[in-house]
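Across the two complexes that follow, chain A remains constant while its partner is chain B and subsequently chain C.
Let's look at the complex of A and B:
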């Protein structure tokens, strides 16, 4: 069977979109799970801290959403969600590359952020009044996920305009 | 607006007024007690730890009793009850409580005793049930389990593991005939047997049985099993009745719940009072209380004290070295954010209160990050409802939170309209799916989805304004402290450098093309900026290491400080999160709408659409509001406060009522 190389464009574009959702989602799932264990431990001792630790648990969850966002934008740009899906090979590869920052940074930052969250949950266990500070440490990690999201988004819109 | 000016107060009064004055101060809650006086031959401090200990115990008892009472009376507490705030009690209520004090403690203790009895009875019932379970297989046995045999016979009553028939047991024991084997009951797990043999063969029989893993029952009551079971059942019923009676008695104390709550608060207040009391200096007839008081409270308090008691009050300004506690005072717009500042750190010595400047940016940034008119409207509606319905009654902290989100919500509506986002693109989707005619509310400004670079430029421009504002506040602070040198070296040089750098960047075609803006900056301005940038850089390198005496070290330190310009670059880039979070809200909203619209028309379609839209948007709102809140705080704490604010102050912690259920209101006519 002969494969027309140019028809592979859509394959790579979809691969990129899927990777963004896949890796970021995995990272967030792992991260939220990790933080959830720590949060559950605190709630066992003091159920009134539920609200605070819940927020800290949710912080590593955003990467999954950013991944979804990138995947969705890519899907709509390449016409999978209706419209023509005629993508040339080079363009498909570009889309794939554009999704990679979110995919990889999403995964690793979610896990790293979860570790910061777990430590911050430790702060809440001992000094619940320091919530403002505890929240900042995981938020610092998130910056890099946001930067990756930004580059992925700009790249996808850029590729679409080529 | 500002950090309130604190004054040092010293009240000297007669000992016979001690209780009244302390209670008055506690109700007013305007003085932070601070014991600077030391004991001498006339003034002594009293040890009140015994009294405090017993009060702590009462508080614990009351708390436990209230918990038990609530657990048994199934009271419904609505989600909104927290908005209701504390109940109001009058001073008369407070004073008349002494009559009920001891009876209430008795009730509390009785409730705890009853609850202990219930727990004991429940444990006893469990024990009985275990015994009954053990007895069940023996029911058909008509002799007691502890029967050992007659004069010439020996009996073995016990169980064998697994299933045995009478024949198989006989087979094993065939050598020791004559004997009598009865299988009382059998199941595949165990077989209950009764063996009667001659006394002289008893040892051998027992040995063989042991070989078959024979074991004696764990209980051996003197009654025959069926009667014993009836006896146990009767015991159980008796215990159950006891539990019922105890529960009924606990529930009958329901009407005293308010008293119990009052008791808890009453003794919490007294505990606090005795804590203060132990720090007072007292002589035989007078006592002295010292502390900090906000200046605006001085007149009303001293007037009241002078009119009602014989006191001497001294007011003075605290000295420079003292660590004066900090109390902030702001208008309604900024007040909700005092908590945000306090959770970073209250302003330190000589620092201004950053709340007002911060509040402006806080609402702005939150709005841009959430940027959806629909979500903003929901937030405004929820907070507005809470404030209107419960505004008068609710506690200040709850009110502040609601007010903060109210203002954030208003800002969100504004930016949602600017960026044309209403629950994502729900109007487009609904009109297209159900009415075959697409209606779009155009964005008042532009759609960030379609022009991400424009949004990025706007985000960063806003970031630059935010950062420059921070630097300007530092300038103001240093001018106020008359530290002109630092103001010039650390702030003015940097301001000039940053602004001229921005001008130079904007004059480069590469940057303007990237940002998609067209600016024609006259060459004169660009050249001036070039010169200014070089001059201020030199200034920074030469002066920012000024604390070192060694000129070489000084130069290196200056260079390092100049390297801090890369920090400004990353600070500005950090504001790109405005774009990212704004897009996240919008795109996920669109995904939800798209999924909902997939259900199509027909009868089921709109129903599925509604369910998905409501569930999905609630989730999106929750997650993105959380994101906006966290990242607004981050931009304030890290980027903005990093430029000028150090904090390190100590929050004003007045001697007041730290109660849980009631607040004691003084009657207005009592004042003067």
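Let's look at the complex of A and C:
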């Protein structure tokens, strides 16, 4: 059977969308789980700190949301959610490449942010009044996830206009 | 799956660390006029259990609470055996003395070890040393027959002490836990220096020293034993060329000042674990911090009980972890 290479465009575009949701989701699940363990440790000793440690636990969860957003936008653009899904190979590859910043940065930044969150939860355990400062450290990692999100979105809309 | 990151456990330890006694807490306790007042203050700080009245009950309760917490947090407690071998070897000494003197006492055994004291006693009573684990078997047999045939209790103790130091060292280094490896290095080096000084002052020969000293990375036991046979100045000279040069001033002051210096050195080395959020190291550091706290409180309480001057007590106070 002979495969028409141009018909693979949609496959690569879909692969990009899947990677963005998959890797970012994996990173967030791992990160929220890790921070959750530390949060549970603090709450075991002092349940009054629940609110503060919960916010820190949720910080690594944003990458999963960004990945979902990128996947959703890509699926819309390539016609999977409705409309024509006739994508040429070169365009499919470009969509795939556009999704990669969010996929990889999403995974690694979620894990790195979780480690910073765990350390900040340690600050809350000892000095709960320093919550504001403790939140800044993991929040700094978020910058890079947002940059990746921005680039992926610009690239996806850019590819669509080609 | 075992969580080797110990994220939950370290977070709990972080919360527990705020309950540790700080320097200002120790000062507050020092300002108490009597032992009873100190115990009342310690009760307010969460020490002891309901019904505890004596200082020894308070101190034992704190140690028990620490180990109960560790058993709750750590699935495999074998890494902490490093801290417990000393108790096993103490029990071995007690068992040999008990069998040799043909007496029977239960209050001389320490329960918090890696081997049940009853098993050690049975092994010695029945001369069946195969009941004991590898790390203790040969030294138990040797120490027992030395005691039996020569009645030399000091030699018997030295054989056991050396085995205790070597076992602790090997286990700590093999654990792969940063704090434990560092702790055993300092612990063995301090023990070797202490043995060398005491042996020098009591005129022991090189054969005795080689029997007593345990090998470690930062002390060359051949050089130390040679120096110890020459005199105290030779020991100081040797130590000046090691990482323990600062110990010389403390030794010159007194042996209790040296012991204080050793404990403070360990505490200063583990301080960094207060900022480590993962692995077993912060837990091991907490055990050491708690032991240091118990030791300090024992000094304060016994000082207050015996009307020892505050100045003398202060000389022996250890640096606190928090």
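Quick note on the criterion: the second predicted complex is superposed on the first by the 162 of 162 C-alpha atoms of A that agree within 3 Å, B and C clash if a C-alpha of one lies under 4 Å from a C-alpha of the other, contacts with A are read in each partner's own complex, and residues count from 1 in each chain.
The working rule: a contact is a pair of C-beta atoms (placed from the backbone, for glycine too) under 8 Å apart; a residue touches a chain by one contact, two chains touch by 3 or more.
All values reported here derive from a predicted model rather than from experimental measurement.
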Overlay on chain A: chain C relative to chain B, clash or fit: fit
Contacts of A:150 with chain B and chain C, given as first, second, both or neither: first
Which superposed partner A:125 touches (first chain B, second chain C, both, neither): second
Touching partner for A:34 - first (chain B), second (chain C), both, neither: second
Chain C versus chain B, contacts on chain A by residue: B
Partner chain(s) touched by A:42 [first = chain B, second = chain C, both, neither]: second
Contacts of A:81 with chain B and chain C, given as first, second, both or neither: first
Touched partner set for A:160, first chain B, second chain C, both or neither: neither
A:15 touches, of chain B and chain C: first, second, both or neither? neither
Minimum C-alpha spacing, chains overlaid - chain B and chain C, in Å: 8
Common interface residues of chain A - those touching chain B in one complex and chain C in the other: none
Complex interface listing, chain C residues touching chain A: 3, 5, 7-18, 275, 277-278
Chain A residues within the chain C interface of the complex: 34, 37-42, 44-46, 115, 118-119, 121-122, 125-126
Chain A residues within the chain B interface of the complex: 55, 58-59, 61-62, 65-66, 68-69, 72-73, 81, 129-133, 135-136, 139-140, 142-143, 146-147, 149-150, 153-154, 157
Touching residues on chain B, where the partner in the complex is chain A: 340, 343-344, 452-453, 456, 573-574, 576-577, 579-581, 583-584, 587-588, 590-591, 594, 623, 626-627, 630-631, 633-634, 637-638
